[in-house]
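The following block contains the structure, expressed as structure tokens.
By written order: A, B, C and D. Residues from 1 in each chain.
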Amino acid sequence: MISALLTAIFLSFFASAVILNYKIGRLLNLSFASIFTLGAYIYFSFNPTSALLLALIFGGIMGAIVSAATRKLSVAEATIISLGFSIAIEESLRFLYRTSYYQVMETNYVELFGEVVSIHEMLNGAMIVLLFLAFAAIPLSRRGFELKFVEDDWELAEMYGVDTSRIRFLTISISSSFICLSGAVLAPTQSLFPSMGWSSMVIAVIIAAIAALAGNAGLRKYGLTIPIAIAYTAVLRWLL
Amino acid sequence: MLQLIDVSKVYNGNVVLRGINFELESGFAGIYGPNGSGKSTMLKIIAGIEKPDCGRILFEGEDIAGKTPEEVARMGITIVYQIPRPFKNMSVIENVATPFILRVSYREAMESAMEICEFVGLKNKVNLKAGLLSQGELRLLEIGRALAAQPKLMLLDEPFSGLDVENAKRVRRILRKIKREGVDAIVTAHRMKLLRDIVDVSYEMRGGKIAEG
Amino acid sequence: MKKDFAIILALLLLPLLLRSSFIVSVATMAVVYSILSLSWFFMEKEAGWTSLVHSIPFGIAAYALAINPVLIIPAFLLSLLLFTALSLSGREKFVFTSFITAIVFWYFSHYITLSVNGGVVGGEEGFSFLSIGLWESYLLSSSMLLLFFTSFALIRKSGLGLKIEAVRDDEFAARSIGINAFKIRIVSFAISVFTATVAGVCYLLYFGHVSPEIFSVEIVLLPFVASLIAGNRWASPIIGSYIIVVVSRAFSGILPETHLLIYAAVLMLSPKLKRWWGASAY
Amino acid sequence: MKWRFFAIFLALILLGCAQPAEQSGEIIKIGVLVPETGLYSTAGVAMKNAAELAAEHAGNVELVFADCGDTPEKAKTAFEYLVSQNVDAVVGAYSSPQSMVVADAAGESKVVYLVSVASTEAIEKKVAEGNNYVFRVAYNTTYWGALAGEFLKLAKPEKYYFVGYDPLKTFNQGMLKSIKSLYGDPEVEVYYKSPSVSPDDYKKVAREIAGMAGDRDVIILGDPGGISINFLKEYRANGGKGLVYSVGGALALPSTLKKINAEYTVFQAAALEVTEKTDMTKKYFEDYREKYGEDANNYAGLLTYDSIIILSQAYKKGGKDKLIETLLSGKFEGAAGIYRFNDLHQALWGSDELKGVIGEFVGGEVKVLYPPEFATSQVLWMK
């Protein structure tokens, strides 16, 4: 149950990042798939502490590049460019880590309420919850108001003099940064291979799409992704 | 020809039309009244876009109250919206040709559309995308497109709103021409003065009620 | 329009001159995907619905033919029904609902199995079918492509085309001049679904095998990507499909390790490509 | 302008095709379909390395590589490319649908194709239907099951559980059918879903089975992919007992087992370094390590190696024109044993000279359990 909840939190975080990028960055950011993978490979290559820091930095840089490359483009064009980035990162990782083995690491488990849970999953869950709380606090600030404005009506916000391109840049960079961090934190619970990020990406897009269908009101749609994540995987498991 | 009997409409508890009784035998009828008096709603109900809560609408003896907009249109009633709704990505002539298509071949439709474009004065803009027209031209296009449906009855919702003097004159001229062609119409406006020299009979609408005036 | 036609004809004739079976096989794949992309483009540009579910008519047509050719008609009707049902959510939400449906269908397709002589066939392995041969496939799919391209050009200059475009631009205004918008929507879906179905049939007749990969995200996105990277003309989805098939498939032998980087580069440069294409080619 | 655009693309394609085929009588030109990109690219590295090593060892082989990706469609295009390079024979491809498509294409273009990984029964069916050009060096699904059955007979567990991977149900069920015919029904038959459907499903199944299985039970894990590693971790973390028998793939590589400290994991392989079935076994493993700096793959890589070695020997014996006849009538020495092919062009796995190997990872090292002539240990149970 706890482990399922942690997975749901992770997927909901991934989906929220997708929604946020869509609303503010105006692109379906498919580069997340490989940025997540990149994080995992960074964790594999460096010692844990510096890996986490590097993941944050590299993720941010990747996000910044994607943001710069997709400025002032239509949603569709920007989405295709992010797909190009995703493939490029994935293929580069394949080159850099040319091996016939899955990269694996050991992970430690702890028992929690009678359930065995990986420490790394818990860490990732805790990080995401903190992130959600920080995100929920943003609307209280002036910046947060701007953010909400942009999210609500991008064109109107621009007309009223909000610096939308800066907000867009920050949104894409920061969300990429955390996706990368999440990849690093979860690395020991995964078998690493260059296209590993896609399965999470696809589910995240579906959850984001369902959330977008279900409601569009403020922060609620991000919160909505958690029950949707739980329901979606449960329903599919039952259906198939 | 057209008869409204005890037609009422309520939106979210606001009574917009209170038992309207209205009859048009032939010619142009004008309805004037302030904003929110229910003029547009009445036209929309006749056109089948809105459903009345109660009452009957008889057109050539048939009750059309439950019909869909396309059924009403096919019986010969066309509406010209207050805010023009052109087919933005189609050319002017294609806009006008579309209603003809329901009756004749593509070639004939285009020929007839050309005549209408000439009639409403858009002859030199036929190949332009409708989305590029000015507000006044859009109104002319709307009227042209409605005419192309070869209506027995036209519903014109505030045809002069938002137009400058020049364009208002053009619309007025065209409406007179239409009248001469023998098409019947209901025209709304917020002031009676705008309608005086076009309509045969005028009504005043206030608070969802209608009275001859 | 004539230019577009000339370009397509030239594209189709080139492999015939080169007479290399590898080039023809790549070209056949490109032509099959061109038909699919064209059907997508028709729905997007002519009817105004952005679909991420064209893998379904494409895929189930291939599945139907592989299992039992009689199923082609139900497959077509099923796809049409699905499109119609999804469209009830409205144009805006159609992109999302269609994407979700396509993915769920992809999962489901792994469970399409048949019992043959006590053994299970299908599933993740898919079904085999007899290929009609390379040159035959190329001629068949090329003539289908030309046929559809020409038909679409004719439809656009016909009454039906006007009605479809009117409904695309303003459903309500179309209804109030007497157009049955729902009927027209279904007709336009039927045209698009039919084209995708034919693409699926051509796919199987050439390829001789169908597996769940046909419903994968890659195929879902292909017509969308293809139509976008090469401008916004009626030849664009076709040229785009050629570009994608060439960079992501044909180089698999010439540059086995790096060909996807070229694909990535093409995607990243696509807006430039598109503009350059739009500016210089016409 | 637009023509220049096409010209570039076409020129690039032609570049690949236009190389004149220099065909000397001594050298066999073999096309290798390697999944360089996509889902199976990890195995692809092993296959490519092994192929290069085989060419080095054989001496009379020229290789042409093409990326078959992870879809049958890419495999077919890659195959067509190899044919355009005038190869004498083709080996490789990874998944079953890929091999099925390539088999058909091989029949059409009359090029000999050796299936070196895929196990689907459809391949033998195609041969029975008259496709003479396809041979399989790898196990068929039945042999996958037979090998697991051999292990069950050796271990005689109190109960056995079958855990399959959902997207590979056809493969799993074919295998299970063969196990059942040898050892009876499993206690439980359960499948976990691909993580792209239900990310947590393997954990749930791991927990469930961990709750059921006892000390003297065997869990047969029918997933050759990366998730099998996650499953095993989760199973042991939840206190799962007994022996886990992995059908191979990701969990069959000793260095992976070492990395995750997978004690009491049993796995199957085409050959292991310690099972010197022929002179080539050790050579393969040693030279591979020396050349590439990591342990050699013992299934997909090894069988790709053997496929090329087999072709090289057949070519020496009978030349290009008699390749099919030579393959059908001859014996070929590979790293995994002596290969002969039956009427359905299937390598005779299970015969005296060609058997799969079962190893057990215990105490940080690999012990061989099967075949008996190479066995270094009994089945060891967890205490």
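The rule is short, and it goes like this: a contact is a pair of C-beta atoms (placed from the backbone, for glycine too) under 8 Å apart; a residue touches a chain by one contact, two chains touch by 3 or more.
Predicted, not measured: the structure shown is a model, and the values here were computed from it.
Engineer: For chain A and chain C, which third chains touch each of them?
Structural biologist: Both-contact set = D.
Engineer: Among the chains, which is located farthest from chain C on the basis of C-alpha centroids?
Structural biologist: B
Engineer: Higher C-beta contact count, B-C or C-D?
Structural biologist: C-D
Engineer: Between chain B and chain D, what distance separates the C-alpha centroids? Give it in angstrom.
Structural biologist: Result: the chain centres lie 74 Å from each other.
Engineer: Could you put a whole-Å number on the gap between the CA centroids of chain B and chain C?
Structural biologist: 42
Engineer: Could you work out how far the Cα centre of chain A sits from that of chain B, in whole Å?
Structural biologist: Going by mean C-alpha positions, chain A sits 53 Å from chain B.
Engineer: Would you mind pulling out the distance in Å between where the CA atoms of chain C average out and where those of chain D do?
Structural biologist: So the centroids are 34 Å from each other.
Engineer: Identify all positions of chain D at which a residue touches two or more other chains, and write them in rising order.
Structural biologist: In chain D, 36-37, 166, 197 touch at least two other chains.
Engineer: Using the touch definition from the top, which residues of chain B touch two or more other chains?
Structural biologist: Expected reply: no residues.
Engineer: Quick one: which residues in chain C touch 2 or more of the other chains?
Structural biologist: In chain C, residues 107, 110-111, 257, 260 touch at least two other chains, as defined above.
Engineer: Which two-chain combinations touch?
Structural biologist: A-C, A-D, B-C, C-D
Engineer: What residues of chain A sit close enough to touch chain C in their complex?
Structural biologist: It comes out as residues 69, 73, 76-77, 80-81, 83-88, 90-92, 95, 198, 202, 205-206, 209-210, 212-213, 236, 240.
Engineer: Touching chain C in the complex: which residues of chain D?
Structural biologist: 1-2, 5-6, 9-10, 12-17, 34, 36-37, 64-74, 76-78, 80-85, 96-97, 100-101, 104, 108-109, 120-122, 126, 166-171, 173-174, 197
Engineer: Which residues of chain C touch chain D in their complex?
Structural biologist: Touching chain D from chain C are residues 7, 11, 14, 18, 20-23, 25-26, 29, 107, 110-111, 113, 119-126, 128, 131, 133-134, 207-209, 211-213, 216, 218, 242-243, 246, 249-254, 256-257, 259-260, 277, 280-281.
Engineer: If you look only at chain D, which of its residues touch chain A in the complex?
Structural biologist: Within the complex, chain D contacts chain A at residues 36-39, 41-43, 45-46, 49, 166, 193-201, 203-204, 207, 226-227, 229-230, 233-234, 237-239, 250, 253, 255-256, 259-261, 294, 297, 301.
Engineer: Which stretch or stretches of chain A touch chain D in the complex?
Structural biologist: Listed in rising order, the residues are 3-4, 7, 11, 91, 94, 98-102, 104-107, 109, 116, 118, 189-191, 193-196, 198-200, 202-203, 233-234, 236-237, 240.
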